[in-house]
Amino acid sequence: MTLYLLRRLGAVAAILLVICAVTFVIFYVVPSDPAVQACGKTCTPERVAEVRAQMGLDRPVWEQFGAYVVGIFAGRTLAAGVECGFPCLGFSYQNSLPVWDLLIDRLGTSVSLAIGAAALWLVIGLSVGVISALRRGSALDRTLMVTTLTSASLPVYFVAMLLLLFAVRVTGLLPYPAYVELTEDPVAWASNLILPWVTLAALYAAMYARLSRAQMIETMAEPYIRTARAKGLHERTVVTKHGMRAAVTPIVTIFGMDLGGLLAGAMITETVFGLPGIGRLAYDGIVKADQPVILGTTLLAAFFIVLANLLVDLVYAVIDPRVRYS
Amino acid sequence: MTALAPPAAAPVAAAGRSPSRLVWERLRRDRAARFGLIVVALFVLIALSAPLLTKLNGWSPYDFDPTAIDKELAGVPKGALGGISAEHWLGVEPVSGRDIFSRIVYGARISLLISALATVVSVLLGTTFGLLAGYFGGWVDAAISRVMDLLMSFPSLIFMIALISVIPDGDRVTLLVCIMGGFGWPYIGRIVRGQAITVKHREYVEAARVGGAMGGGLLFREILPNITAPILVYATLSIPANIGTEAALSFLGVGVRPPTASWGQMIQESMLWYEVDPMYFIVPGLCLFLTVLAFTLLGDALRDAIDPKGARR
Amino acid sequence: MILQVQDLSVSFGDIQVVDGVSFGVQRGRTLGIVGESGSGKSVSSLAVLGLHRDAAVTGSIVFDGEELVGAPAEQLRRLRGSRMAMIFQDPLSSLHPFYTVGEQIAEAYRLHRRTSRKVARERAVEMLAEVGIPEPRRRAGEHQHRFSGGMRQRVMIAMALACEPDLLIADEPTTALDVTVQAQILELIARIQAERGLAVIMITHDLGVVARIADEVLVMYGGRTAEHARSRAVFKDTRHPYTRGLLDSAPGAVQETGGRLRAIPGSPPSPLEPPSGCRFHPRCPSAMEVCAAERPALLGADHKVACHLEGVTL
């Protein structure tokens, strides 16, 4: 077991290293002058030269990369007097802050967005899916499936803007979203995040509803469901304890991956709603060609995805007994 | 002696219909599939005949029409519903006064072109690498599988945006096609690889039993029919995904360069105007929605038609 | 008669799968229902347990004095698992993959007897021991894929008998098993039957199984009764051409006929397009004109046969 875990962690590290290298090459090697881009458009030539020296751009590429990677763990001295401890992901000249600090500052928003939406879409998606499956072929089933198909086909930003139009402008039900810390004011935190949550959840809930419906239909046709009924169990026990348990389990994998992908920021949703999350940071960084920020956000996103992958595999081994023995 | 009664009610021998005939017939009966097919055909037609349509309309997607917008009100289109009139069938864009119908029609061209080509790229790459990995096995398989895992772990949206913004200006369309295709191929690659391995094992067993050698050509001929169906289903479902991705990239400003028309970009511009001119975002949004919906319906129906015992209906 | 079925018919929409079948079982006795796939044998027994969701069931099913046709679902549910139980053909897919074997056995016991978890768990271990599973306490905590085919079927039997039912319906319990294991399972069922006075309905297409353990045999074809008599009578005094065909095509028959195996030509009828008159006439070597026109009545007292030949040959 520990051997397996070590092997997986090794794979995680390897993947992150490769992603880091690829990103590094793209942003430090490909552009004509990374220093100019990192520093920004408003920089004087002297400042650019400073930045170039600090970024170590006069050194060979692999040395730069090596320094970067080592720097992540050992820390580096960036500008005069700016120490960068573990994990050191570089310095954003355009924001005048270490990248890590920027990320931490914004992590709360992205995580709030991701988890709230995830809870919403999981509950709605699974309920709709299971109910549709049990009432397969009925008018309710057909209606729900049409609704989910519609919801899944609408682009995220379209939904976001429709919601903004109706909830904020036309009816004035909700305020224009601005992020409030959970610790500051839970009610405001939630009411500001409702629209973004619903926007994200609409898309994912639709997918999960269709997925869980298919799984549930397949599961309820299995012989062991017939056995459960033959034992004289209540129908609700058959459906929940025997049916849903088997049907929903494979969805855990997908949920883990989706959540992992979202934790590192939902770029479009954050942009449309103006939320200060990591996705927004990444987008701004790309637009302004702020290399260290791009590298930092990409690494963080990859980290979450790979970690989610690993966790999902481990969790799955716990909940599906068949996997344990393979 | 009793006569043997003729087998009057012997079970009807299954008429020898080819699998593709069966699939086609199942599709035909599916109402949702018919709707999807019609809408898809409509948009494809629109996209193909874009130049013709704009000639009919009288406006190219790049023509400005200052008479259609109200300069006093910061460039809002004159008239209701975003300036819909006999002149401008779907209204005009604020400030620029460009005809929305023409831009939508050319936008369809861009969306469908890029998505279709990206799908072709994914399918080609995925099939090639999947076959190589499955057929050769060993370190070839290990290497290709690692690459596939890696690609699937990339935060693709960030990467695509970053790549596009870094690479110097060239042909955006080609760039988008290559990048989207490059990130999409592992999904079909895995499926093809799986099929190749299954067939290879079957042949192994067969060859071992008969004591002969395994023919490479024979192998490909065996694998091909097994992968046609999943490839078809994947392609039909990958197109709406690509349409969505291209629109998202355009929305974020890294899609095709203006003044080329793109639905996603129109929606982005419409963000500023959604309160006073909601039509500006509803029209392209609706088009996007219908196209994605239609392709998804078609893809789902195709999947059901090919594998009816899949419990999806 | 713990179970008495009269004139049972089961249809799914327009399709009639079982057409006027009658049979009964007594405590301590075994009824074997024989037929090819599509003969309606499984559908009949599922109807006895009330396990059909969208079927129209007519006729009479009386279990220990209670009429089950038309009875409320809750009444049927209470009987299932506690007074009448069923085991199925493929134990691999008939047991839940996610719960331990012990949990699945205890589940029904706990529900029907309203005991605590602990008592139910003990009962599960008891049952596993009774069906001959070594180290029952340890095995009760394992999942079904850790068991071999034969062991799994024993687990199913343990699960079915936990609440001490009066009737056990076994639907092709040995078909998926090796020949040696088959014998063991049949012996197990026979032993438990002797110990508890269990009534058993054994559904199978294998005459060998029937010959071994059935006291009475019901031969079904195309949803109808072809022949219904005591076991010995069916084997020694075969009256229906279909039964004759089955016996002739059984592997053991080669020695008797001294020649080649004679399979019944053609294939079983589809319920979508059933043959007219006697369902078997298209494949019957002795078919007459009337066979295609009229449905033969089920005649006889102890030895019932539905065949037009019955009236002709005396």
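By written order: A, B and C. Residues from 1 in each chain.
The rule is short, and it goes like this: a residue touches a chain if its C-beta (ideal position, glycine included) is under 8 Å from a C-beta of that chain, and two chains touch if they have at least 3 such contacts.
Please read these numbers as outputs of a predicted model, since none were measured by experiment.
**Q** Measuring centre to centre, with centres taken as mean CA positions, what chain is farthest from chain B?
**A** Taking each chain's C-alpha mean as its centre, the farthest from chain B is C.
**Q** Quick one: which pair of chains has the most contacts?
**A** The largest set of C-beta contacts joins the chains A-B.
**Q** So what's the Cα centroid distance for chain A and chain C, whole Å?
**A** Here the centre of chain C sits 54 Å away from the centre of chain A.
**Q** Starting from the mean Cα coordinates of chain A and chain B, work out the distance between those two points in Å.
**A** 24
**Q** Measure off the straight-line distance from the CA centroid of chain B to the CA centroid of chain C, and report it in whole Å.
**A** The answer is 52 Å.
**Q** What residues in chain B touch two or more of the other chains?
**A** none
**Q** Going by the contact rule at the top, pick out the chain B residues touching chain A in the complex.
**A** 149-150, 153-155, 157-159, 161-163, 165-167, 240, 244, 247-248, 251-254, 264, 267-268, 270-271, 274-275, 278, 281, 285, 288-289, 292-293, 296-297, 310-312
**Q** Would you tell me which residues of chain A are touching chain B in their complex?
**A** Per the stated touch rule, the residues are 15, 18-19, 23, 26-27, 30-31, 149-150, 152-158, 161-162, 164-165, 169, 214, 217-218, 221, 261, 264, 267-268, 271-272, 282-283, 286-287, 289, 294, 297-298, 301-302, 305-306, 309.
**Q** Taking the touch rule as given, give the residues of chain A at its contact with chain C in the complex, in rising order.
**A** My answer: residues 222-224, 226-235, 237, 242, 245-246, 249, 319-322, 325.
**Q** How about chain C: which of its residues touch chain A in the complex?
**A** 49, 51, 77-82, 85-86, 88, 90, 93-98, 107-108, 111-112, 143, 145-146, 156, 159
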